[in-house]
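Below you'll find the structures, each written out as structure tokens.
Both of the next two complexes hold chain A, though its partner changes from chain B to chain C.
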Partner chain A sequence: MRGQSISALLLRQGNSEGQLGRDAQVNTNSKNANSRMQVSCDKSEIIIMCFKNLPIEFDAQGVAHLKGGAIDPYGYQRREINRDKLKEMMARNGHIKDVSISPVTRVAGALSFHAVADLQERKFLEANSVATIFRGYEVILKGRDPRDAIYISSRACGVCGGVHSTAACEAIEMAFGISPPPLGTVLRNLALALDFLYDHPLHLFLLAGPDYSQVVVEATNPAMWEKAKLTEATNAEVHQHKTIGDIMKSLNPLSGGCYLDGLKMTRTPREAYAVLFGKYPHPQTVVPGGMSSTVTITDFNEVLTRLQKMLDWTKRMILLWDDLTEFFYEFNPEYKKIGALSPNLIDLGMWDDPDSYDATYERCNEWGEARWATPGVVIDGKLVTTKLQQINLGLEEFVEHSYYEDWNQNGNQRYLTDPLGAPLSPNHPWNKETMPKPSKESWKDRYTWDTAPRWDRQVVEAGCYARIWTTAAAGMMPKNDFLEATGHSLKIHMPKTMLREMDFEWKIPEVWNAFERNRARAYCMGYNLMIAYTMTLKAFDYLRKGEDKVSTKFEVPKGERRGVGFWGAGRGFLSHHLVLDKGAIVNYQIVTPSTFNASPKDPFGNPGPYEQAVLNTPIIEDFDKPENFTGVDMLRAIRSFDPCMPCTTHIYGGEREIIREVNTCACGAEG
Partner chain B sequence: MRRGRVNRSGWYLVNVLVSGIGYSNMSDMSFGRVLLGELEQEQWSENVHVEDLNFGPIMIYQWLEEFPVKFDRAVFLTAANRGREPGTLEVYRWIDPQASVNEIQACIGEAVTGVISLENLLIVCRHFGVLPEDVTIVEIEPQKEDWGLEFSPVVAAKVGEALEIVRSEAMRTTADERG
Partner chain C sequence: MSEMPEKYVGEAGSPKPHLSETAGLPDQVGNVARRSMEELVEDICASQGKTQRSLGPLDKVYVFWLAGMSCDGCTVSVTGATEPALEDLLTGSLPGVPLVVLHHYVLQLESGDHYIHTLEKAEQGKLDAPYVIVYEGSIADESLTVDGEPFAAEGSLPLWAPSEQRRRVATAEWMKRLSPTAAAVIAIGTCATWGGIPASYGNVTGSMSVMDFLGKNYRSVLGLPVINIPGCAPVGDNFTDAVQAILLFLQGLGPLPEFDELGRPAWQFSETVHRHCVRAGYYEEGIFAKEFGDKECLVEIGCWGPVVQCNITEAGAISHLGGCMNAGGPCIGCTMPGFPDKFSPFYKSPPGSLLSSNASRLLGSIIRPLRRISQRERNREIRWHETVPSGWAMEKGDVSLTHKILEFFYEAMQFQGAKKPGRELPEEQFPSGYITLPEQKYGKDFQLLPEDRAKKAEKRT
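Up next is the complex of A and B:
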């Protein structure tokens, strides 16, 4: 049995002596795993009560131990999936249909989705999320110089390469024992706030936006379109769309004003990003210990000019999504169930405090909590930790329903503990090996190239909305002129440009669904913009003081080292776990936001976030016969996560087959 | 209305955009991108502009929209697997496939998420009205399409010929270009 030797070894190491006598059984029951945890946000309680299912507890000093009494502390029983009843229902009832969408369009890359819908009862009975391509960055990186990871892992995504470069750098810095000078950290923060100013508008207006446009609403819910035309928009004075119908028209693909402006606005942050990172989307200037850019006041002035260009547009856009969301809720409260999930969220935080970040694992809780986005895990709407170490310890990946072999079969667990001596699961990324095993698609068995990452064996979702949520709830953000985390909201103060100065407040929502994901993403535009603004001002301060150093010298160590980059992508959580030996990469593991969100069922039978969100989605659209069913409600649910998958697509145009062999976004698959 | 310039022989020189498109390090599929490096090194007459367009097509569209010269012709070098004999070199004029709104939208969706693709570029740029009417594609059938820095022998043997075709297409004159 896996793990049997772990407790014995830990005993020998003395890590959990005295603790093992206690009764501790890993809870693998999926229902229990999702039940409400009795925790509060009080810091002392967080330390004690962070994990419910994993066999880890903390003493009064916050030191982690393996719970006593467990023979196989990380062992579990796999729950088999039985589809017999569903098959029988499908055979007996003509209104129960297979709904397969392959590929799901308007997402980054290749995502397929299979569902079974009861068109009479207007609900989904089964949902399977399928990442169709293996990318294998972990395999490519093995044996290479660790510095290669910065440039190779960047290619994992065609939108947010810089976040992978930075996560790789942070992992390397931890392994090398170096950290950037303050201006180097500020530069990274700034560039990666700019990155998201590209990422969010493209999702809100080019990918998800069309789902709420006139052409889609009129076709799938004519009564709503009639009502929208007559409903005045609350914030029309700012966003300049008199009615909700005008907003919907503006979201029409290729012709709507918002669609075209969204396209146009992708340019401004990209230009600013290129000023600092050299080029977009794959920077050449992110290096271990800082940046290789030579920056002057002029560069930051160029960035500032572009940030100012974005201020008014961002103000308008936040209020536009507010109005749209409230209209849907008012028209039919059932829309609150589209893509609904219990708010289980995970984020690693990002945007380091230049005075705190030292890249050490030993101080990761301190520099993590000093970040401008606070790390955290939210379970059933409650913040249960803000400690990077605890988030790391709770992380496991499962492959029972993925095209991979179980790397634990040989029984050799690379690391029993983290660098602080806290117990580590055999399924933790530092222990994981990527062993592809292509096989036939089976909804009972294996059906995707994505893995099933879980935290404390619970399903959690990632996103920029998780970042704003954990930051708002934690209330730990450094004091500044533009942003304030209140414990229940994030206040955003945006200065005057053409529009007046305005204050916004994103409040932790009472319901969690597709609309709230999109609304939070719109507010994240303001959050990112003011982070970028603040970092630009900080850069001016450092330059004024003559602190213009942006990098630190280093040597590649030859011994065995471990590192982890705790970072964030536009779509949320991003971790790079690294093991080095003899100056080369021994193991490299990437977990991205879409690895969480697009994940298949876990061994405990819990569906992944896309899957559960679809299962919770009622079918609201109007259709008179099954052939006219579009699945728009399901697609709204899926797209609200902003999926980023590996890409390979074919479309046919005229006499020539249009071929794309694409090597960009791998966010949803295996690194 | 003619936008080109007149040369010493009294011929109108139309403005020509030349590029090679493809991902790097993909063996024969990188044919256009690798040969772009060769083309950039050559001395071209002032009406020919060689540019690296291996970015998302939205960036290309925005660049073309603002570029001070409006191009009359574009010549693109690329590789595409169309089931022909490997090493087959074809030259053809690109005909707008009249993509539907949904197809254009899909191309834009891919473009903003980082896809580099010649046909995506053509559809997006044509939709936004920044692509010249006269678009010539010089295209090779690949043999080796996986990771790699080298061309397969059959494709490597066509490098000189492909470059020559691009040169002649870039400098080609037509009846209405004569002064």
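Up next is the complex of A and C:
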């Protein structure tokens, strides 16, 4: 494939070719200087690939190929960062404050953040996200037996428990040409639903929750605390907190009921996880071709007992976050701008349909769309694709502001196409090499160990909220009794337990900000819970049918093989790109949700999601003099993403590892 | 301290005081509650009316949790601990155990300089109680990063300077600065105890364990070498259990906690995980899982349990539930200093099992049939001779002659030197001549099933 001329490449778009032919038209996009073409979509009907910036176009037959004529189709011009004006402003004005928060606590892992705040205008002028740890897992994997990838990559992140091992498995399965038996897939789905049932409460009550607690609100916005004490909570009857003040008190660290229950509720799903999968984090039961759990009826009954405990609590918790969010909006609508971003979201979907998943790249669009969470990319609030192949083709990583050298300097691109013959960027993970170049941080130049992953050269954010959004918008979820994706919402039916049966509906929000991220995370609890319940019933179903096999035998192949694991972490998007040769790993690349979210500026001048979210955040907190500014609004914005730095800073690929910082200079004062 | 390998910290790590001696902090950035977690904990304890007077000399202990090349998995494990529970330690709710004031980046209320300030206070001896360092993750060789940013950093110094004039402080530097005056240093997780994956073959950071970093002669203020709680991730309860054991000993209440030659709590880590494994019995009988998901011993599909020191099969992973092999996961030796390279490639059977599992197979092939015979007899009521009245299957009442013979000798051995139940000897009869009601009614057949008794009576007539 490598010898093939790029411009001659033609690409057939899998099962969607007919649709493409009908719906796609080529327009010129005069607004975006980067874009070469645009495929407009009929969003109400069929979702098709909509690359605005990548040099891929479609002909009338729906066949995609590289746009003709370009000598260097993936080439680009780097935009320099100019801080001169900002520096001048800082020197001139006492109210412009250099804000350095190192470390940012109550996030997973080592994150630092730098910003420049204009305390008079109450806005941020610059924001840099910095990850401060680098371990080099991808480098450690290079040259190892592929079987080691599962348990070694798992250790990239202990907060994410078993997600890396599963993504590694899916990549290995694709490379080995094997796939799990149905019960193996169902067990995997169950594991990954239980995983998030621990993960979301940890974030909502231990990490983010304290920012909305009495001790913080009272200190940074006393008027709000006074109002909260007098405001009755709409859903008090269910969650048992009479006023918003009661909720805030309940969120107080180490003493509040919600905080302590949240901590205890992180254990309940982990108990279920331990019963079926041994331990959490880093389960020992994820294997190529399935799972190695020995399942018994008791195991599943023990899981059901714990799901039942979580049902009541989750019903209360969703409504509690609803009430809290609405209170903030009502108290001051400016809160809708905390952490606000245009909704650009990416997710790979997860929870495979056991009848569809065959681990092949050739059929990834079909098994991807059959998942219980639908893959997708949302640009400016519109779903532009649900096809895994298209999401994969749009992926690129840039290192202009990271401590790496450009691996494309020698022009030696390993793969010109994906396994289906579609054009692949030299910046795609399958082509990436990591060449670390440690240096001192400079907001203008390189300042982070994190790379800047982009989709179609646009900034996208990942999260469980992206997963619920793409699933809701696509409306492709398999038919079932508890969950329904309507195209604009996700309906969650939760059966009777001690509390009555209740119906919830997460609607795609009109504004996108820190509160909506947290609210969506709370609804994701209900989503995950009903996935876990459904998967337990499915497991029973397979056991009833006597299909009790959980794994498939495999041999390590000796030839050159490629694989990719399209999966999700608690925080969303997770891909493992793998290249094998002669029975050993020759390239291993991990892209995590926080790699996206914590990314620095890209070469086109766009800041990463944390950075942009902080730049969009107004400073609402009360302070009488500049010294008393705490930065709580900015911290709420950052924490709403549920940063997970161990993942981000694993290490990318080549010779050395990486991670540590993400920083961006999204300088509002840029000249 | 003299043994501290200076080179590992590099130029950036020269331990100089950075905090101005004038106490107050110049601004509130990151201090979102305008008070620290430590102050909050004091408030909570006061408001709950809990006395902090404990039953021993210690009222409270600070714990500084530092993370180097870590994945936060140890932190996650410890949040799952229930024996004792983390929240009980942190709120001083355990009688006799001093209040544990945890300074942890994942849980702390405040961020940034206010968070780092407490570490500096500890270094300067300004805390009102002793402190313990808990280190998660391996320690990178920061001499490799002298010209760049450290591999693992926590905070930046000097405090309050503009961002461009600060330098990020390697976690290794905090270790170097805080360890001399720490009451104890606890390494948690396999990265901190033995280097783990960041220190495995092909690593690019020169990572090492806490023991490697501090050296053989390191002693804490209490005179202790580094305490090691391994596992990837460790069992959360192992950590809180060890902490409670140490604290109770220091209070003069608990027994002396013993540590093995590698600093592991001996009561947790001296046994192999195989000895308490729920599948160990299969090994003994020489029956081995062939595929993932099989219920038998996992040795031949990659389990290293027989040589790995760990207690997860006995203690469970969380709330006494789970455990790798209990669920079906082969042991890959994640608690051991040789992890991961000396256990790679995972899923391949350990070479040692070639001899040992085949020896078990041989022995098992002899004892298994014998056990099945004894088991079969013990699966029968004393009333079951001709008939087994089970509706579940056509259980055969009769047994083979071989079985009868073997069982005859087996029973003889079973009651040799002991008394077989029953009143067969004359002296065991009632002196009054009393005969029990079943015997009065059915005579010798009193212990047969009604059905068999009827048949027998019919035959006799």
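What we mean here is this: the second predicted complex is superposed on the first by the 590 of 671 C-alpha atoms of A that agree within 3 Å, B and C clash if a C-alpha of one lies under 4 Å from a C-alpha of the other, contacts with A are read in each partner's own complex, and residues count from 1 in each chain.
Simple rule for what comes next: a residue touches a chain if its C-beta (ideal position, glycine included) is under 8 Å from a C-beta of that chain, and two chains touch if they have at least 3 such contacts.
If you're wondering where the values come from, they're calculated on a predicted model, not measured in any experiment.
**Student:** Touch check for A:G158: first (chain B), second (chain C), both, or neither?
**Tutor:** Both partners, chain B and chain C.
**Student:** For the overlaid complexes, name the partner, chain B or chain C, with more touching residues on chain A.
**Tutor:** C
**Student:** For A:S551 in the superposed arrangement: first (chain B), second (chain C), both or neither?
**Tutor:** Only chain C; A:S551 stays clear of chain B.
**Student:** With the two complexes superposed on chain A, say which partner A:A110 touches: chain B (first), chain C (second), both, or neither.
**Tutor:** second
**Student:** Who does A:I531 touch here: chain B (first), chain C (second), both, or neither?
**Tutor:** The answer is neither, since A:I531 touches no partner chain.
**Student:** Is A:M476 touching the first partner chain B, the second partner chain C, both, or neither of them?
**Tutor:** So A:M476 meets neither chain B nor chain C here.
**Student:** So in the superposed three-chain picture, is A:R267 touching just chain B, just chain C, both, or none of them (first/second/both/neither)?
**Tutor:** A:R267: touches chain B and chain C.
**Student:** Now for A:I508: first (chain B), second (chain C), both, or neither, which partner does it touch?
**Tutor:** neither
**Student:** Of the residues on chain A, which ones does chain B touch that chain C also touches?
**Tutor:** Shared contact residues on chain A (touching chain B in one complex, chain C in the other): 105-109, 157-159, 202, 206-207, 210, 253-254, 263, 266-267, 270, 281, 651, 655-657, 660-661.
**Student:** So in the complex, the part of chain A that touches chain B is made up of which residues?
**Tutor:** Touching chain B from chain A are residues 105-109, 157-159, 202, 206-207, 210, 253-254, 263-264, 266-267, 270, 281, 644, 647, 649, 651, 653-665.
**Student:** Enumerate the contact residues on chain B facing chain A in the complex.
**Tutor:** Chain B reaches chain A through residues 23, 26, 29, 56, 58-59, 62, 80-82, 95-99, 101-110, 112-117, 119-120, 123, 127, 145.
**Student:** What residues of chain A sit close enough to touch chain C in their complex?
**Tutor:** Touch residues, chain A against chain C: 98-110, 112, 114, 128, 132-137, 139-140, 142-145, 147-148, 150-152, 155-159, 161, 184, 202, 206-207, 210-211, 215-216, 219-220, 253-255, 260, 263, 266-267, 270-271, 273-285, 287-295, 302, 403, 436, 438-441, 443, 449, 548-551, 553, 623, 626-632, 635, 646, 651, 655-657, 660-661.
**Student:** Which positions of chain C touch chain A when the two form their complex?
**Tutor:** For chain C paired with chain A, touching residues are 26-35, 37, 40-41, 44, 47-48, 67-77, 79-80, 82, 86-87, 90-91, 105-113, 115-116, 145, 147-156, 162-164, 166, 168, 196-198, 200-205, 207, 232-233, 235, 291-295, 298, 301, 312, 316-319, 321-332, 334, 340, 344-348.
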